[in-house]
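Pasting the structures in now, so scroll down.
The following pair of complexes shares a single chain, chain A, combined with chain B in the former and chain C in the latter.
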Partner chain A sequence: MKEAKNSLWVRLTWAFNPLTLKDAYKARVKNFWLHWFPPRIMKCSVSWSYSFWLGTISGVLFFITLVTGIILMFIYIPSVERAYWTIEDLEFVVSFGWVFRYSHRWAGHLMVVAVFLHMMRVFYTGAYKETAQTESYRYVNWIVGVILLLGTLFLAFTGYLLPWDQLAMWAVTVASAIGKTTPVVGEGAYSLLVGGTLIDQPALIRFYTLHCIALPVLAITLVAYHLWRVRKDGGLACVANLTQENREELTVPAVPIASRRFFLVALVTWIVVLIATLLFRAPLLEPADTSWTPNPAKAPWYFLWLQELITFTTIRLGDYTINGGFVGGVFIPGVLFLALAVWPFIDKSPGVATSKWFHSSRLWQNIIFTIICLSVIFLIAFSYYCRGPYWEVYLPWNRPEIPGRF
Partner chain B sequence: MLRRNFLWLASKIAIVFAVIGTGFYSLVRALVPDLFYEPSPLSSVGPPEKFPEGVTFIQDRRLFVVREGNDFSIISAICQHLGCTVNYVPLAKTKEVKIKGKIVKEIWEFACPCHGSKYYSEGTNYAGPAPKPLPHFEIARSALTGELMVNTAKIVKSEQRLKL
Partner chain C sequence: MNGSNGSEEKKLVDIYKRDTFWIYAFLIILLVLTVAAFYRNSTPEWKRYQADYKNLLEQNIGKDAAAEFTPEIKQVWLKDININKIDRCVSCHLGIDVRQLTGDDIPKVFRMHPNNELIKKHPIKTFGCTPCHGGKGYALTKEEAHFTDSKGWIDVFLSKELAKKYGFEDYEKMPLVEINCNSCHVHEKEVAGFAHINKAKKNFDEKLCTCCHNFYGKGGLVGPDLTYEGDKPADLYDFAGIKTWEGLAPSVFSWHFLHFKHPYFVTLNTLMPNLNLKDEEIRALAMLVLSYKRVPEQFKVKPPAANVKAAGE
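Let's turn to the complex of A and B:
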């Protein structure tokens, strides 16, 4: 028994299965990787069914994109002549290149989904609201979260251009032209982002730098602050009447309960990404060509709801026309995101609604929020499956395929 | 005002200007392109004999050269909605449409694959989200080489034609 206790394996893993409470507390003091866990954690904070651990899942997916992204950076060359061919190399020449490319892509796409679901969870549980007992500023974390959602979308978008194939070229042409239609600042922002009047080498290097350095640094900083704030606000927004008497009953030692669950969530997330990698290829069309637009040209799926909106939001008042790109592509999403960011100040529901799934006092705002979320999801699905050549509507099973140029 | 307070205020203002000026402004300004490594707006599309009757697509400049007898015009191929390249669509049978009060016989039109905008043969938008017509560019014949020259920086009226 004594020998087993001293074996390297036991020494490395003792924190996951401490035999005494003292051992459990000691773990977070002695182990660097565990030191950011609190000594004890609310039972509801580690509950599976309260948070579904969506924040952790988003974080793990982000970590996977960082690691795979760094590996891709060793191979990829951000030049219009060579970018496409280095992606081909990753696909056909580099050993396991496809694993890293596909994992990076699927982790990125799943991150968009996970971050969106995380936001929905926080909204439905009213977790941006203050709890009576602790001095907390949870609305700050909500706003940081909204910025991180935008950051995730922008990271995904800037990554979309890098393969420099027809899919990338036209998705980015459409999406950046949407920004260009903003009055006053649109033209300036467009030339700042694209570095010219058309999508060419300056655009590629700008997107590359944003995707690989500027946005990840911003995201890492904000994620760190986001997590630190969770600790400062007293854990997840589910603090009951915590007193000296019921403390033992409502909390558990964070190590090993929370740490074990964290590693389990990380492992399952990684497995899901690997399965997606093995089952689904990442698309790569022919090299980018400005003179020929594929028919239909679709934006990345997480922007398809915007592409659908701009299709029917061009407003004509006599001779005066407002480009749908502005109404559906900038104004409507702008208002939605602004409303999202300031919602904690609009939401006047009582404190008891905090941390309760679908609390009755928040019925109406939950209904409005659900309608908006479902509309976005519906528009994405409709656009993805039903839009065919020349952006006309077809049933998904008899959508004609227009042959490519070759 | 005490000298101490004045100096403190002055240094605060100096810090703000230093951050905005050297930090923020120069950063943004450096990213605004001052020089475009892009094709010149003025270029040749080739000798007029090269173009058959109807529409010819010039791939690398993203524009259409339209020849009707000896009348030439050049229409942009960039959709006015969100910048996709529009397709030239020959019509199976002639259709008569009314453009700006005039009845015109159409044998082709332009259609955008991205969001379904449609344009008449001379560029007027009639369907889909496009907010304005495809622009016509200035076209001239070079006295030196006899080739057709286009200036994509200069938009002309859609009725204008180069007669040769």
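Let's turn to the complex of A and C:
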């Protein structure tokens, strides 16, 4: 037995696969990487079916974009003359350039999806509500989460411009024109972001700096706070009555059980990104050209629901047009995000509803929330698949394309 | 350790032991995918072509030539045309200016350019390939470099297949390339080797196009200025008037073809007359119009003095 314990394999994996409780605790204290796990963790926090580990998945995707993004920064040149061509070089000449570019792109898109699903999970389980015993401020983490959702969208949006192809430039033109319609601050914010009246070099360098420095720093800081708050609030909101007596029964040592599962989730997330990288190429159209607009010009997919809302709220009376830019592009989403942020204060359901998926006392708010989420998803899908040239509606398989040169 | 529980090593009851199995399983998958990525990265198409080329050199020219050949990405930097213009075609078309590599027994991809005179006047080292042939010079895969779908790349590869698609009888000679050639030779009345463009230029003069159209600052103002008509992107064309493409592929080229054939159907209330030309002449005119593109001035061949005079009158 003693011999086996000293073998290299056991020495390497003891933190990963401890046989005794003592070993498990020791591993957590001694290992730098495991030290940020708590000593014990609630069983429901580790379970798949409560959280689906969506926060971890978002975090891992963020980490993948950070690593690949830093590598891309060694190649990419944020200049209108050269940006596009450095992307072409990444595709064809740079060793593993395609791996980093595609991984970065797909991880970024998946992160938008994962963060959105994470938000949905927290809402459906009422996890922003307080549990009866612990002194917690979960609503703070919910608000931080909403800011992180917006941050994710803005990170994705600023990155969208950088390849400097027709897709990037016109998608960003559409999306930033939406923001411009905000009363009072819209014009100023647009000038500040774009650095002029058109998307050109000043816009590119601003988006680049936001994408590579400002927003990641903000996101990392907020994520750190987000995680710290989870610890301070006593873990995931999933146990109503945690006492000294039932502690043993309801919790397990975080190392190796949570740490191992964390590793597993990270592994699977990475594999999904790698499969997407191997199977799908990131899109790249012709170099950006300010003199002509692709028909139709669509915003990045996560902003397509805004473009669709604008279409619906634009009213034409003869030659007179009331532009829906403000109502559809700013007001409705603004109200939705504001409502989302303050929802913990509006939700008056009892404490028992916390940590329960679809608790009956929260039926109506769940229904409203689901309708809004599904509408957003539907509008995105509708706009992505059914909008054709001149913003006309077509069946996805019948959508004509504007002819090319030959 | 504390005396109380330091000695008793409580056994860890691990209810999630199956996670370990899945970690190993997914690690294997990750390994497979990583190997796949490494494999794809280390076996680009051009490496295979260069290995074949080395063998070809050994057989046709000699061991020394083969030994001198170093496998690497080869490119021509066309910085005078555009600071970003790079042609990597020569990474696979390695024998394009090697005199010994002619004849049918040499694989097409390595064969010397068929037009010897042309290559002498336009050395690959300064002119590259895409200025005439189109295509994506940056690309290092066969599919991507010979881009013929103009979605995603405007300057498409003007291939034989494309010429065949538009009904050129001499499609084997890649006639559409004349479009790009004429971007520089635009001021010359006749250029040796331009089977179609020469005819079109003759028609251009005979049909008095500049009565209505402006061309390099001269001509009428009735029709649109033609000077840079070839630069107009597809999205700026009005395809609404075309009810039927008459069997042609929907494209800007077809638009011009149909517009010459029956102008009134394509553009409502147009003043453009029907020139009553044969299909072949119409195709040539469509090529000519598409060749009117911006190129750096130093590349535009100056017409002989006599021509200037004639044009000025």
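Everything below uses one rule, namely that the second predicted complex is superposed on the first by the 384 of 406 C-alpha atoms of A that agree within 3 Å, B and C clash if a C-alpha of one lies under 4 Å from a C-alpha of the other, contacts with A are read in each partner's own complex, and residues count from 1 in each chain.
Criterion: a residue touches a chain if its C-beta (ideal position, glycine included) is under 8 Å from a C-beta of that chain, and two chains touch if they have at least 3 such contacts.
Small disclaimer: the values here were computed from a predicted structure and weren't measured.
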**Message:** Quick check for you: in the superposed arrangement, does A:Trp292 touch first (chain B), second (chain C), both or neither?
**Reply:** both
**Asked** Of the two partner chains, chain B (first) and chain C (second), which one does A:Gly318 touch, if any: first, second, both, or neither?
**Response** neither
**Request:** On the superposed three-chain arrangement, identify whether chain B or chain C touches more chain A residues.
**Result:** C
**Request:** Considering only the touch criterion stated at the top, classify A:Leu198 as touching first (chain B), second (chain C), both, or neither.
**Result:** first
**Request:** Go through the superposed model and pick first if A:Val46 touches only chain B, second if only chain C, both, or neither.
**Result:** second
**Common interface positions of chain A, toward chain B and toward chain C** = 291-295
**Request:** Provide the residue numbers of chain A that touch chain C in the complex, in ascending order.
**Result:** 16-24, 46, 81-82, 84-85, 88-89, 91-93, 95-96, 98-99, 252-253, 256-257, 260-261, 263-264, 267-268, 270-271, 274-275, 277-278, 284-286, 289, 291-295, 401-406
**Prompt:** Which part of chain B faces chain A closely enough to touch in the complex?
**Reply:** 28, 31-33, 36-38, 57, 59-60, 62, 81-87, 111-116, 128-132
**Prompt:** Which residues, counting only chain C, touch chain A once they are in their complex?
**Reply:** 1, 6, 9-12, 14-16, 19-20, 22-23, 26-27, 29-30, 33-34, 36-37, 40-41, 73, 83-84, 86, 88, 138-141, 144, 148-154, 156, 158, 162, 166, 176, 233-237, 239, 249-255, 290
**Prompt:** In the complex formed with chain B, which residues of chain A make contact?
**Reply:** 170, 173-174, 177-178, 180-181, 188, 191-192, 195-198, 200-202, 206, 290-297, 307, 310-314, 321-325, 389-392
